[in-house]
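Shared between the two complexes below is subunit A, which pairs with subunit B and subunit C, respectively.
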Partner chain A sequence: MSTTTPADPETRIQSAPPAERAVWEAIRTVEDPELPVSLVDLGLIYRVEVEDGRAEVDLTLTYSGCPARDLIVGDVEAAARSVEAVEDVDVRVVYSPAWDYDRITTRGRRDLNEHGLAVPGDADRPDPDCY
Partner chain B sequence: MSNRFARSSGPDDAPGEEPVRCPHCGSLDTAFEQRKGTSICRVLYFCNDCAQPFEEFR
Partner chain C sequence: MSLTTDLDADLRDSAAAFLLAVADDDFVWGHRLSEWVALGPTMEEDNTLAAMSQDEFGHARLFYEYVADHVGSDLDHLALNRRAEERRNTTLVEADHADFADTVAINYCYDEAERLLLSAVADGNVEELSARAAQARSEEPFHREHADRWLDRLVATDEGRERLTRALSDALPRAADYFAFEDAATAELVDTGVLATAPADLRPEWIEAVSERLVEFPLEDALDAAAGEPALNGRAGEHTDELDAMLDGLHPEGHVGDHPIQDYQRADAR
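And now, the complex of A and B:
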């Protein structure tokens, strides 16, 4: 398990080539079926690569028995396919590195909190000034 | 003697050691209610300050 806090995906998205950025942005519109938060802000999207019209997406799930697996994979496939430069999509579900709560972005925590959901580790972070 | 029908009391069943902050009012005076929330990745808490139930994503 990594001991460093994973980088906010935002930096990677902004520096990605245009086609990959478009795929990231498309996936950003996909929410977890059980949580009102983008998959990107949950830190579930590990890798996006586009080559010759073929998009490869590595994603993980918050735990391996997640019942929403097929729904999430289908939604991500559809989102990636909606990008004009993309003709073919390959979504892989990976469990390494393991997902943990530190992968949730600041925006993701805020969205979860706003929907009345606490996230482990909240208490170690500054209280969002929005109450 | 162990009871083979005993419920698991692993870390997933028990509330964690860490304080859980109420997403409504920010209070840390919260209590674990039960492990079955509205989906299998949520557990129920209760805030003693604002007297509201809330769920933790876990």
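And now, the complex of A and C:
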């Protein structure tokens, strides 16, 4: 995984085995508790692996003092568990590589804009729609 | 390199002990900052102090959790249930204070020192650890800017200058223990690359930065004390009564070591 210009996870999701793809899609329904944007589109989900019914998810936080951490971890666990092929879930919070704004997907940028937020340094969308 | 698989048990203990001290600093300072919430000099300051406190607790969590995972403990136990003599925070951050000038003085002294120490970890070779230190470091510049602005703002009046001078005279000597980690233990961590630099070697840089920034204040004695032997060494578990009182306040019946976290967890599980 590149740490400088992270690719949109979409390609990875589409080429993932069915169970993993189902977990990605389930997590995509989980929004950041403070923003109406999917955790996947914020680029916070680093890794999903499913083996023998056990899902492992690595995720990060936008900053270390994030007060919503337990909510996020709990929501991701529940989402992954909702997938039929998954019996057991292990969610890890990781800090490497560091998260940055480049990880927000095109869809995530659009959702943030609709919420009235611009992504710093985003020349294509300097002004949110309802600014 | 990984702390669990690549380091022998002694070294792992040394690393965990070092990180506990870093976490204790953040935890205790986060707590002291939180005591200001709703009492700050301005509404804006209430907000800022609350955010800074949250940052410090976040950083404490980063390191406590790492230690907990690697020594088989628990975040809440490490943060809440350890008595003063088990804590390794610098005595600088435990000061009970009611003058905002103290907050500015402590924050300034602490953040300047922490910047150096976090870099020593961030530039070390245990990847998950250096990532955490880098994360904490990246969130600190606004704290330093905050301290910097208040240092300038408070000297605008005679009273402000007087109170700030008094606060710095108290804070600087207490910071003498900040880099005073046990040499043998940190030497091991430096030899193996867990730390990029020995804390003791960072001290002159800190003294220089602080002396330069505070040159307009009459602080010769305090700066000498900051560069000398600490009166109490928090890194060796020596603390003021102020820390005992703070920790007692965390526990409803004053029973440090008996926080009812297990009961909450049982309730969650139901």
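Methods note: the second predicted complex is superposed on the first by the 119 of 131 C-alpha atoms of A that agree within 3 Å, B and C clash if a C-alpha of one lies under 4 Å from a C-alpha of the other, contacts with A are read in each partner's own complex, and residues count from 1 in each chain.
Definition applied: a residue touches a chain if its C-beta (ideal position, glycine included) is under 8 Å from a C-beta of that chain, and two chains touch if they have at least 3 such contacts.
Everything numeric here is computed off the predicted structure, so don't read it as measured data.
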Contacts of A:D52 with subunit B and subunit C, given as first, second, both or neither: neither
Residue contacts with subunit A in the superposition, subunit B compared against subunit C: B
Which superposed partner A:P120 touches (first subunit B, second subunit C, both, neither): first
Touched partner set for A:E84, first subunit B, second subunit C, both or neither: neither
First, second, both or neither for A:P97, with subunit B first and subunit C second: second
Subunit B versus subunit C as contact partner of A:Y63, first or second or both or neither: both
Overlap of the subunit B and subunit C footprints on subunit A, listed as residue numbers: 63, 66-67
Touching residues on subunit B, where the partner in the complex is subunit A: 16, 18-26, 28, 30, 39-42, 45, 54-58
Subunit B-facing residues of subunit A, complex: 34-35, 62-63, 66-67, 112-124, 127-128, 131
Footprint of subunit C on subunit A - complex, ascending: 63-67, 94-98
Subunit C to subunit A touching residues, read off their complex: 54-59, 61-62, 127-128, 130-132, 134-136, 138-139
